[in-house]
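What follows is a pair of complexes built around chain A, which joins chain B in one and chain C in the other.
Right after this comes the complex of A and B.
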């Protein structure tokens, strides 16, 4: 039953899927990797974005990718507010921020989940667009077009964010605040405003990531639980805060998932990301491209 | 025995007596169905706080321990028809082993990394059980309750009383830990692990002990669950809601004192039971989320902290 063709297909689909995983993890890479915010509600924000895209597509016929782009300013503001709330209640008070921070974000994630259920119900939802449901045929192979779209957008997003963080003033400031907040403060800059801005960016990216999420597969309200594993796996494996590392780590995860899926069947799939996450945490907590030794 | 000890054990005896009396007097089954769930959450919250509250390691793997408790019972019952006490004892033993593994995990990870690792372990265990055909796989498994033992005339009443005994056991252990050298050691390592280690606190031994005790109690709390529902399936036995509910109950009650998780579990558990009956289980989860956020933001020390604050103010007013 095992053949070279099967493996080749799995790897190819895995790479495409991996790029998509990178797109949904980039925000967390900033929020958790650079800013050290224990943002377990990140996947819930992602699913929320997917539902907003669904709403725009279903009721106004907006193209899902365009809808994703349209909601980014909204999510940017949402991120600013969320970080301010987190900062005022936890970081500012100092002690024990970690424990309560995680509890706080888990509470937020549950609230979002239930609000989605109350508004949209528990059924799966998907979007309609020209590129959803079609496939490219290369010889024997079928490549779903929606994965290609996700791949292109994901790579573009990664490149853009890498450039933003390395070339622009604000981007460099964000990386500086991740390295040494105190030094920044002594130089007269306000580290909290920079972090708030960065968290806004991290959340804004989710607008487009959410669009990709619902393009790649139908969504349901509790989908965020599976993505806790995937996004944290990618970010931790990448080494906290590395954008290009995020892409590589996500591709590794995508390929691993599709290979296991092909060899052992779908029932083992949910464990892959969590197993890799646990493995990385136990063996190499600084990640593959870690900034901390 | 000190005076507080006498009060405590008298209270525990009264509690068990009342629970036993309830099973003999009340004919309606509903109070036992609802009460069982609340008692189960008291055990979980108290057990969770031994590690999460005293030592400050936030374990999101409550669902894993609970689910393994359920499935230990399922397996033993299906394989050997083992009676309930054996199921619970076996679950506690396995829970202790899992706790030991969890304790080893604390060697390498702290803070959020530890928490995420426990979520990861939960999903991995759930997936393994889902793929284990013998205990029903993803579809779950039906169980037929055996005959009930005297003096109970109904199986749920008996489970209710068994869970009440587990509550007393869990609270007694937690109270003992808090008041002994262990509690002080755990407190020290919560504040600063490195400093504690340097001043001679055996941090590793303490962490392992806390994990083993906490794990054994959580698994034991899950063990009667299989017979309670007469059914088990992986996605509900390992549901993340158990982890978050338990955490919420402990934080809402306050983790500084053994009574905190008990209060939190009673308050939140009762609210949830009422909401599930009167409105819906979705709103129930919403209330859980909102209460968790509210307490974490506005009352970080929980109900215990609020009570202490009020008392202190009153004392200042008098003095």
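Right after this comes the complex of A and C.
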């Protein structure tokens, strides 16, 4: 069953969904893309943020987006502590290589999952806001507001992070540490402190991304598992560490997924992200927007 | 793996004036099971377990069974099918349990069936769907009121046909349970002469349903049959509310898992209005049996502490009924002989808080006890409203009917 209206709608929804994927992947783009930290607990941090937003919305009536903004400093601190712990226990001893670093973050992800279950129970949670559950009508088309919110926030986050990484001293230092840690050390800067700061930023971004997660769909404690594949796929496909690349790669993924979902049968949709990833890695191993090293 | 050895009722036994010392000397009757306490099925699993625990406490307060206390040996299967065979081997070989209860839901139960059949053990099923159809274990008894395989779909499609529906759209999760439902719906639709205009399986990790629903809407079906799992049910209803489903849809719903759980219903609120969905127990006057009210009084108190579904209509009373059935069988047979217990369960009618249960040869209920009910006048963010009758009007079966279908779907949503 094919029609141009369906294709048009699928592309539009795909772009919006892609922006949402971008928003939840940007933090990982810093942590994994720039810092080389195998942060598989990234989606667990994201779900944790969504639950904190839920708590503020449910008990204090705080708007979910505002709640997301409010918790960013808290998540920044959380990121600083998490990286320090990882550094002291793994990176410093050189035992971060290979599977061990991943095991550390898997452990953290499970702990977060269990803590959420203990605190909130296993049921699904969602938030209430004026833009949840309503749609924007354009002629025959209806676009869910929550996806429009995700679109706006994702674009704003991408612009802000790109500016931060290219225009500020700290941002440039983060990029420098990603390129050559030793050179930075020789210049008298402490690469570990810069990496810690960058990990803090990566985690802080999750405050807002977590708000989007619970705005777009209800959350449950094990939701992180559904996002590990997608977020890593976006980041690797984008080319490690490129913010605008992350946005574009996520949009490509969102559009491809939605077109397949709408026009060719939903069963194929999950294969899309990984098929695209393999395709990109085969043709351009450095990713769509990555520089050849 | 978290092990919970749950002992209870000793104090109550002493209060009843029984010889608690003599009772303690005899080894307890162990009932072993795995239950989803984490993972996607945990919401249902925990509520179901609480229902069974309430029964255990009740039966121990009455002096236990065969003069022995009842003890539950429960492991968390993390909602995973890969965990259950090892857990049940352990229950049989290490814990040496006397009776087996199945885990909650189809997916964790399916891989157990060959093991249980091979070991010649009785198994009380817990809300799985058609897991015994190919295995043919003659000591399987499902507590769920599904009845004959096609009764679920036929009750829904019957309502749709009576409302003038001629075409049907099928949207089902790509998982064992939902696919079984979709398969029977396809067969029933063909039997009723309905045209299937849309037939899609979606993967369980789907985040956004707007795209699928646009395609479904474009097919212009009269009836939309949805077989979905809890996270998706909420996503689908949200998308329906946002982008609409078309004025020609007369009936929407059918097999959406999740819309029976208190917190999901609370979260969805008014989005539920108009949806016709299956259920197993509702607080309509016709659904109360001997002991039902007392059970829910206890459950409601304990659910708050246990952080499980505050309503607990869907699974908890059936967990209790599992206990009641095995209690009646053990009392009648006077031993724990598996074959004798199975024979008793197969040949008798069992009175429980969810009604009288008689089993067919395949271990499913002889007559379906599934109801199809339409959500009406539901408001946002209020879980207490679901405790009163009238919020989910029963349309099927006729003997439990508490109202008529409001159609088309768009009109019923207002």
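We adopt the following convention: the second predicted complex is superposed on the first by the 268 of 293 C-alpha atoms of A that agree within 3 Å, B and C clash if a C-alpha of one lies under 4 Å from a C-alpha of the other, contacts with A are read in each partner's own complex, and residues count from 1 in each chain.
Criterion: a contact is a pair of C-beta atoms (placed from the backbone, for glycine too) under 8 Å apart; a residue touches a chain by one contact, two chains touch by 3 or more.
Computed from a predicted structure; not experimentally measured.
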Touching partner for A:135 - first (chain B), second (chain C), both, neither: second
For A:266, using the defined touch cut-off, is the partner it touches chain B, chain C, both, or neither? Pick first, second, both or neither. second
Please work out whether A:117 is in contact with chain B alone, chain C alone, both, or neither, and reply first, second, both or neither. both
So, does A:277 touch the first partner chain B, the second partner chain C, both, or neither? first
Scan A:38 for contacts with chain B and chain C and give back first, second, both or neither. first
Using the superposition on chain A described above, determine whether A:100 touches chain B (first), chain C (second), both, or neither. first
Is A:108 touching the first partner chain B, the second partner chain C, both, or neither of them? first
If you stack the two complexes on chain A, which partner ends up touching A:81: first (chain B), second (chain C), both, or neither? neither
Please report the chain A residues shared by its interface with chain B and its interface with chain C. 113-114, 117, 267, 270
Write out the stretch or stretches of chain C touching chain A in their complex. 37-40, 42-43, 46, 174, 198, 200-203, 205-208, 210-212, 214-215, 218-219, 230-231, 234-235, 238-239, 241-244, 258, 261-264, 267, 271, 307-309, 380-381
Chain B partner, complex, touching residues on chain A are 38, 40, 85, 89, 93, 96, 98-104, 106-111, 113-115, 117-118, 225, 228-229, 232, 236, 267-268, 270-271, 274-275, 277-278, 281-282, 285
Okay, in this complex, where on chain B does chain A touch? 52, 56, 58, 60, 105, 108-109, 111-113, 115-117, 119-121, 123-124, 126-128, 130-131, 138, 240, 244, 247-248, 251, 282-283, 285-286, 288-290, 292-293, 296-297, 300
Could you please specify the touching residues of chain A with respect to chain C in the complex? 1, 3, 5-6, 9-10, 13-14, 17, 20, 113-114, 117, 121-126, 128, 133-135, 142, 144-145, 147, 216-218, 220-223, 226, 258, 261-263, 265-267, 269-270
